[in-house]
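What follows is a set of structures to go through.
Shared chain: chain A. Partners: chain B in the first complex, chain C in the second.
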Partner chain A sequence: MNQKKSLWKIITGSREVSLLLILIVMLIVVQILSRGTFLTPTNIGQIFRNNALTMLMALGMLCVMLTAGIDISITSTLAFTGMIIGMLQKRAGFTNTFALFLLAALIGIACGFLNGLIISKGHLAPIICTMGFMYIWRGLAYVVSNNQWASGADVAKFAEFGKDGSVGPYIILIIAYVVFFIVMKWTTFGRRIYAVGSNADAARVSGINVDRVLIQVYTIMGLLAGLAGALSVSIYASAQPNMQYGKEMDVIAACVIGGTSMNGGRGSVVGTFLGALFYAVLAKALPLVGLDSIWQNLIKGVVVLAVVLINVLTQRTMDRAALERREM
Partner chain B sequence: MKKQVVSVVLTAAMAAGMLAGCGSSASSSTSSTSSASSSAASTSASSAASTSSSSSAASTSASSEAVASTSGAAGVGEASGKYALVPKSAGNPFNEREASGFQDALKALGCSDDQIIVSYPDNPTADSQITVIQSLISQGVSSIAVAANDASALDAALKQASDAGIKVCTLDSDVDADYRSVFCNQAGVKEIAQALMDAVYDISGGSGEYAILSATSQATNQNAWIDAMKQIAESDDKYADLKLDEIAYGDDEAQKSTDQTQALLTKYPDLKVICSPTTVGIAAAAKVLQDQKSSVKLTGLGLPSEMKEYIGDDDSHSCPYMFLWNPIDLGALAAYTSVALVNGTITGAVGDTFTAGDLNDGNPYTITENSDKASEIILGQPFKFDPSNIEEWAEVY
Partner chain C sequence: MAGKSGRTIDATPKTSIKSRVLSWESGLIVIFIAVLIFGSIVSKSFTFSNVLREMPKYLSELFMMYAMGFILVIAEIDISVGAIVCLAGTMTCFANRAGAPLIVQIIVCIGVGFLCGCLNGVIATHFQELPTMIITLGTQIIFRGIAEVSMGSGGSVSLSDTMGFAKIGGMVGPFPIAFFLIIIAAVIFIFVLSRTTFGRKMYAVGSNRTAALYAGIPVQKIRQICFTLVGTMAGVCALFLLATSFGANTTTGQGFEMDVIAMCVFGGIATTGGKGNLVGATIAGFTIVCLRIALGQLNMSGQTILVIIGILLIVSALIPGINQSVKNRRKAIAAK
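Moving on to the complex of A and B:
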């Protein structure tokens, strides 16, 4: 019946495609406004490197949001882990890069597990539970720092990994996105996450252990936040207790732009990638096109709202089309 | 039901664990204004704890050296009140050094721990400082020295303090002159701007393009220095060949400062020098330039311990030299000023003089008037950090 889709149908038929188109239009506009200086290999590399943390954590946030949850403790987990990693190097002279990343992952897992446990077993609203941990981990980051930063020479060897020109951050990003793409699309585990988010009761009735899925999802989020903590110290050669303060909103925004629903059950790895990329391009482009710094936040907000609106309208068209087909 | 009980027990156990953890580590970070004695105890405990790390061990000895001699302290009189310091934020080594200078100076004047109160705000905002100030008022302190996070937002709270008979002075970053007795200025605005402008002139070779990477667009200090730099550049033909491309704002965040530095490099291919008068900005910019092996050079205001890796004369280092002042001395000056104000040795009027221990080589300080007709005490000249002394100072702060 609809073997030959019109171009319009293709565009309005998928949130990913419409987002991709918006992204391409934005790239063209920025390329013109910046007089051709935007799309250079160095610049593209920097876009991914500077936003590696957001892009990495967006994957975890996707899983959390698919279960209709939210996690606002992630940047506190990041700061707590990053601070421990930094102080280990500064005070204990511990500099094995791999071991430090492993330790960061383990701390992150522990933080995330606690979130999952309390949310699933204690039936706490995710935003309340993670808000508590947002303050706890951030507070502990300050305690660990004891009014010191670890930076520059303290973390010099560790910073080699994330240095401009090193492939480290890119490799982590590529591995993470490939693994998540496969897991979310083709494994039982991935499908369970979608099932829990679409309808938790139905999932429970059909034999899915909802609590376990929730714990797993928040643990994954913690793991990625912990890794992001180590990555942050490596990329910026600096561990400060206030690092990435308030940036959890960027991560949530990246997911929402990418078409993830706040009500759960809807969202994809590809969409999240495009959403995070969109946000990253925007952050990089605004200073380049000659806008005064003080206007940048305002523009960022307007553009994000516009994109999400377009996204929602696309979704509505899709739903209507689906409904029409069913009625026929 | 069973599950709920289990979860409640788990949560309670965790909360207890958190509290225990905080207690043992002396909660040196967030606001500790509950009572005078407890906050003084926790700050002294934290300074004792910090001597375990090598770099801060050096700094504590240096700070005690700075205020070692108390013979000149007669200049401010006896310290018998309760003296409070409200730094800009917790978790920042500069503010911590400032606080340690304040504490050590008062101890040298014979203060006991419960006469010295250092109350950090929860967040680096004026709102949090207001909460802290109000709690200090109800504790009945004799003086408050505050490093303001906003030039005018603290007015009401500080007026309340003055009305309660508390002497108020500012350090590091000022408020409206009507609401404090005097401002302990780390270095005159003009002197800093002149030093930075000359550094740009020197490093660029006298001509070419330069850019400024600042903190936030509302930062009191940075805006004053940048305005003064612009005036200096306009008033002297010497700087006619220097062109200021842009003032970028990195908001004192590593990530945003990195983005902004990279944008400057892309936008202005002929850029020669970046001047960053803020510690987070200069460190982020230094890393970007050094990683990219850029020919653009950097100067500004930075912490020696943060910048050690980037300071050098050859092409492999991004920053030939930079400036700062000694936060330990600044804290000490605020301590002497507080005591002098409480004792009535000075009133904060222009022309008042007093000696502040060993500061200024034991010579007296005179209260002067700045360009806005407000009274201030200038600590000294900005200090230059270059390859010859950076190693030594990186150990101190």
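Moving on to the complex of A and C:
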């Protein structure tokens, strides 16, 4: 069975390739429609900078969704850590950028670890547990803020790291994606996550400590959410308790567009990257082709739904084709 | 007798006084009373009439809660209801500004909810491979997107003629009208879920969809009905929300879906399906409403209550599991 795959099969068979093609076609169309003003270095830089948070957290969401879970507490974790970081600078005058990022990561790890512990040892449905923490961290963010915002001069030094033109956010993104690409593809830890997601019982029987994998996965998600919290304060130069409210759905949508299955076991780092990029380019391109920004959400929603529905339809055709071949 | 799956099947229904007293619902009643006592201790204005007067602001969510209970019982989830509330509210505002009579506005409001729910249902029944979480994630963005587009760049729309909605949000004696309707809705929904064949079928679908299908239960029809119902109730919720807010904006209904799911789970309905009933959810819903009123009177930031709701949610979801493991351990000891 060493047949050469036809080009068509490569395109329809792999989510990454088809997504890349769609992305390229979209870029060309937008480039023509905007008369060559779209693909400039500034624009490309802004696409990544404006969506750095989604792109960063999509990596963690990928791991969580690979284990057939979901984490909707991420933006609350983000707000909680961001608020602590912001208030430390405003009230305590603590401005060491590296130490603040480290602290954000530690808080995130603690939040994520709690999620993982309760989901694995308490056998709680991930959506319920993370929904609970979604409320708790968001509420605590308000408590920490004490009706105040940190902005402007309060976080001036910290904002240097993520301000327009600084390479800080890009470096974090590149490091995160390279590390995840390697870990998910070539380490036992990455393969264990896939194993737990495809079939938890089989993974348990074959000697994988499923509970431990779950805790690790949610802890990683928390770590990334905490980092995103610090990054958010740095990029937008402000910390408010309601920051990124409801944006966890964007992160999930980016993963879903990238081919991650909600039933676990299916998804890749490259796909997630392309999915998040697709989502980001869409948001940036709409105003350039003459659509008001109020159309953004509607079109995003249609795209998400269309992608998942087309996915089901192609899967059905493939299954049917496979069945026919077997019957012959 | 323990069956193959380790489950026990008892021929006699368990309705002993002990099981009644130790049930989830009675625990909720205790919590409810505790909240009332807590409220009357911490706030002087936490009186019967004051609570009833402030209730309409928080009550509208409860309409959706019942239908969401159905959705959770059949082991599905619908996270688009908040967006449906936003869309229905927006459209009703436009109907109001166009000078439509009140009855037309009401029909628009509930009709929009009905159509949105219908759409969710059609997609869910025709693409059964997809988890409903994903479907409603997509439609959620779309519904809110439509509302945003129709509201234009201002991002908000208000009623021009508030007379009719002031009446809907009015009082009958000491009770708000919404309160009566909630009680009526509670009775109907509880009756349907626990005393009709349709309700039993929902439990069957929720505990094992494949088995239910082979038993001749029209699984897809039931899913379609439940999704349409939750959309319709979101429309009703929008109606009563308008009666207290007199307008809609892009954030209307944000987070409602999580609130109602939290109430249901707190009320003992498992998201894995086939478990729980709406009596518990009703008490849980009123408990959270009263807690909100009490904390609101304390001038506490409305967001502090999020911490309490979150803790209640996790603890209430954890207890059945802990209970089960304690029982299993006892059984294992007894078997030895």
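Quick note on the criterion: the second predicted complex is superposed on the first by the 305 of 328 C-alpha atoms of A that agree within 3 Å, B and C clash if a C-alpha of one lies under 4 Å from a C-alpha of the other, contacts with A are read in each partner's own complex, and residues count from 1 in each chain.
The rule is short, and it goes like this: contacts are C-beta pairs under 8 Å (C-beta built on N, C-alpha and C of every residue); 3 or more make two chains touch, one makes a residue touch a chain.
All values derive from a computational prediction rather than experimental measurement.
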Combined model on chain A: chain C and chain B, fit or clash: clash
First (chain B), second (chain C), both or neither touched by A:Val143: both
Partner chain in contact with A:Met249 - chain B first, chain C second, else both or neither: second
Touched partner set for A:Pro241, first chain B, second chain C, both or neither: both
Chain B versus chain C as contact partner of A:Asp164, first or second or both or neither: first
Contacts of A:His123 with chain B and chain C, given as first, second, both or neither: both
Partner chain(s) touched by A:Ile182 [first = chain B, second = chain C, both, neither]: neither
Partner chain(s) touched by A:Ile174 [first = chain B, second = chain C, both, neither]: neither
Clash with chain B (superposed arrangement) - responsible stretch of chain C out of 148-156, 220-228 or 274-282: 148-156
Those residues of chain A which chain B touches in one complex and chain C touches in the other: 118, 122-123, 136, 139-140, 142-143, 147, 241, 245, 294
Contact footprint of chain C on chain A as seen in their complex: 70, 72, 118, 122-125, 127-129, 131-136, 138-140, 142-143, 147, 241, 245-246, 249, 252-253, 256, 262-263, 292, 294-302, 304-305, 308-309, 312, 315
Parts of chain B lying in touch with chain A, wherever the complex brings them together: 3-4, 6-8, 10-11, 14, 18, 21-22, 25, 27-30, 46, 49-50, 52-53, 56, 89-93, 95-96, 124, 217, 247-249, 253-255, 258-260, 262-263, 266-267, 283-284, 287-288, 291-292, 305-310, 394
Residues of chain A touching chain B in the complex: 34, 37, 40, 43, 46, 50, 53, 90-91, 114, 117-118, 121-123, 136, 139-143, 145-149, 151-153, 156, 163-165, 236-238, 240-245, 247, 283-284, 287-288, 290, 293-294
Chain A-touching residues of chain C, taken from the complex the two chains share: 77, 79, 123, 127, 129-131, 133-135, 137-146, 148-149, 151-153, 155, 254-255, 258, 261-262, 265, 270-272, 301, 303-311, 313-314, 317-318, 321-322
